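The following pair of complexes shares a single chain, chain A, combined with chain B in the former and chain C in the latter.
This part shows the complex of A and B:
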């Protein structure tokens, strides 16, 4: 008698803080239900098992080493679906800040005269995973939103096409009823940043740092109303967009 | 007894980050023994250089998802000490509450998700849901509560939003604080359940005398505040940590090792050893029930020490909430910088003392940054332990030795992703 095989999920982690994995681990309420629908075969942080047979691979972290390039390509070969899990993976995230300097200098700064002593200290300029392999779906954010993770996973399990967001954070921000931070003399990259986070950083008193990356076409998709009101252009805001995802918006 | 043994554990599971254990014994002598740290280094120093001071805490908290509040706190303290900013009483209480929340988050994650499977002889928390449903559910509930504390204060349970230079930019509502208070007061039962379980699983007898360093605070158990002290009887100011703690490069580790005059350990056990008397009443009672007396030189007891700190953090979180409710939390503007220069920020992260040091120029840009991570400070101690522990095990089957060795490394709760995000730049 053959039992229906459960879809196999695998989680992989490259250069990052592993915070996005923790968002996944924090689905305390949903975890038992999810576990009845899938089999998790790789999750180094939480379990002993390791396997090369899986359907959906969630990849967290940026690529900064030759070894990671090799492993990533292998994941692409093994998986039916590859999902970029979080900013580090989907745009390069904060790790791109390192690319502002030559790698030799970066390494020397940390390891000093020992910089060449070990292969373990080697580093490449930061890349998002889709600069190396083809990616099927993206979960943006630093960290990802739990709601989006659960929605995407459910859609994939049901064989539905997951929704993607391409409106600017300002739209979410207005819905959340926030006062625009430009009125408090602060600056914000919300007008050109891809929403889906309910503008949580503005709601909690800070600014939008742009962690979810740019909307598809900043020049046409930006939040015109906010820009106009504060005498800004998408380009001017984009120049400020230097904390996240500089790997993809600029040559570096 | 075995004369030869060769163990290579590739990518130790159920630890934070990527590491290998390599052990080679020939003719009963250890030829090679190392904890290889293979995590990719991230070069935060280069990431931070030239950025504005009020981006620093946001960038630095991404060193580690597990101890993001600790990195944020150390970062804010360094910024505020460099720029002569004094935060309000309310802001300090809110930051402490988030801090206790993270201590709980991290210890509970470690004890229930990473250690418990070892003790129950399974590979992850998943089978525990079937074999030990009550305990596994307790773990999930305690974890959710700890997440909730961080989310109420910080806006999100991972990577806090509202902790900002000059204060805290979000004010929780009394209703939310009361909800947390109630849940915290009801959470001791869950901790008791874990304590009973740990008591039923006596730890490996293994003792190695060494130095313990942790922060010592005047009025209370050193976690969020305090100056470093050593069990060897000396203390030092955060500003002079580079004189006492020396970092050095080893080839098999992307994270640097650290030493004082010799090997030292940081973390829950170090804190308990140095500040036991300042623990909260329930924490002391829990230590007594677990028959943990200080000083203790058994690294396996770090797990119990973490549980004892869960009691402490829960009681302290309740008392912070009471103070906040009494004051009636209200929105406050952040305090503005008044100066620039060098600043130091030190806290007890869940895994031990965490140092941040920045140099900020008059335009408010970060010129230099240094950061010493708890796990990096423990790597030498872990290897020392393994070196004396492995010979004691040689009579056992290889698989059992491998499991025991992994359990020892795991008892330190190493945060490898954190430890490789090293920056060490000497100030000219």
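This part shows the complex of A and C:
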């Protein structure tokens, strides 16, 4: 029997901490099975080889440089399927915070005033990858969830539609048996944030910061009112919404 | 006066500390059951597994989440398969369990769930779990959201195995099943004294007078109220502030909607079919193939949920599917309150009447 060529996977990384690639690498129990079904041809965090021939591209990180825009467009051209891997890539993530200030000011703040004279520090306002190319699937989160990565990968390999989550974190939170953070005199953005994370932050005593971005059709006005009722000023509400959501709440 | 023969006396406080009768009861249950009960966590009463009797604490106020998770888990495996080996097997995970601290509304809710899961094609997973479940009820005091009195679910005479009524020094115990009777008989409790039963009656009078929330119509009139309220502006108004977080569904002891998903292992040949909670107030609930959506707006979704509680399921099962626990109102961050909304519709409906 003729050996069928395995689908080729590539992982790319732009502006980010590469933590989402680490989540992929942490799928130790499943990777042997996955590696028998696919060929990984690019994965900077894990191997040296590189190739421009691939079927599925997982793209991590947000876009903050002109050079990244060119590279990203090339990836779109080469790949049949593009997956945004993690918050930076899918919504712009934390990196979008810098968009609140003029780029010159950001450069000066981070690299010192000499940076303004050097080409090396050229920077653009942060963008999610779908502001530049068409994205087929999204893996949200800071970092991504292992479960969702595996679900997406197995679904693509089987040719079925991946399971996408479009309910707010409150659902995952109740399913985890948590007491609502608002009951505990804290506030969060769970009611408008896309779940799929099993409400891990609240389960371990923190709050929802909104790392997975907004649900489709969020009622942000209603939640802003809730936050104000719980003592937040309008400015504090905006800060809460924009920690992970600047790119999506205020188009850059 | 209540029939004194129904009650026996169990000494001890609401916390199952040393030497209390409650501790004896929990220890007896622990021998043959996985035991769940109310405990205090982050300052709030919640249901949790009880490994040691001392963890249990009975509360007069309701838990935020209902106890449905023990009969209808947020996530459960229904089927396991391996296509390479042409294998598939149904999975029914159930074990003997006892739930301690259920208030009358919660016990009524379980009775409704029993109806639902046995209706049509009986659900083997729920029924198997239910059959192995022992229910120990405890009485309560209404908080600002409780309105069981308006729905006839304030008291229970069956649907539990053991029921604990708190009195000043200890509990008066009732049983409503052979299993419950056997366990209580094993504890060799003395009969209740007339003054103890009198104290219980006094407490019940106080409880009945303590309700702050109420419905302004009888349960039997509610289906008609909702049937005539489709065009009410109430729906638009609450729809505009709803975030669609689904908490009213997830905390409700009688909401039983679920989704079924196939989860494939990385080998692509093995997998599991799982059932997870779903809720009619969630954006994607009524979306079907082709992108069609039967209930496109939050207003329509809320209207549907209210109708499920007071009309659609009442038509099918003959009783309201709300037990008045008030959990949905308590959990709602935008303060959509089930009694206030219903009373507004009742007022509108009364006005429409000739």
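To be clear about the criterion, the second predicted complex is superposed on the first by the 224 of 252 C-alpha atoms of A that agree within 3 Å, B and C clash if a C-alpha of one lies under 4 Å from a C-alpha of the other, contacts with A are read in each partner's own complex, and residues count from 1 in each chain.
As a working rule, contacts are C-beta pairs under 8 Å (C-beta built on N, C-alpha and C of every residue); 3 or more make two chains touch, one makes a residue touch a chain.
Source: prediction; values computed, not measured.
*Asks:* Quick one: is A:69 in contact with chain B, with chain C, with both, or with neither? Answer first, second, both or neither.
*Replies:* Neither: A:69 stays clear of chain B and chain C.
*Asks:* In the superposed arrangement, does A:152 touch chain B (first), chain C (second), both or neither?
*Replies:* The answer is neither, since A:152 touches no partner chain.
*Asks:* Please determine whether it is chain B or chain C that touches the greater number of chain A residues.
*Replies:* So, of the two partners, B touches more residues of chain A.
*Asks:* Once the shared chain is lined up, is A:139 touching chain B (first), chain C (second), both, or neither of them?
*Replies:* neither
*Asks:* Could you look at A:177 and tell me whether it touches chain B, chain C, both or neither (first, second, both, neither)?
*Replies:* After superposition on chain A, A:177 lies in contact with chain C alone.
*Asks:* Tell me which partner A:219 touches in the superposition: chain B (first), chain C (second), both or neither.
*Replies:* In the superposition, A:219 touches chain C alone.
*Asks:* A:24 in the overlay: touching chain B, chain C, both, or neither? Say first, second, both or neither.
*Replies:* neither
*Asks:* Touching chain B and also chain C: which chain A residues?
*Replies:* The overlap between the chain B and chain C interfaces on chain A comprises residues 29, 31.
*Asks:* Any idea which chain C residues touch chain A in the complex?
*Replies:* Residues of chain C touching chain A: 41-44, 46-48, 64-65, 69, 74-75, 240-247, 250-251, 261, 263-268, 276-277, 279, 282-284, 298, 331, 333-334.
*Asks:* What part of chain A is in contact with chain B in the complex they form?
*Replies:* Contacts found on chain A: 13-23, 25-26, 28-29, 31-32, 35, 40, 43-50, 64-65, 68, 93-95, 97-98, 100-101, 105-107, 109-112, 114, 117-118, 120-121, 123, 142-143, 200-201, 203-206, 209, 243.
*Asks:* Show which residues of chain A lie in contact with chain C when the two form their complex.
*Replies:* 27, 29-31, 33-34, 37, 150-151, 153-155, 157-158, 163, 166-168, 170-171, 174-177, 179-180, 182-184, 190-192, 215-219, 222-223, 225-226
*Asks:* Per the contact definition, I'd like the list of chain B residues that touch chain A in the complex.
*Replies:* Its residues touching chain A are 11, 13-18, 36-38, 40-43, 45-51, 55, 58-59, 62-66, 68, 109, 113-114, 117, 123-126, 129, 140-141, 143-144, 147, 154-159, 161-162, 164, 168-170, 249, 251-254, 417, 421-425.
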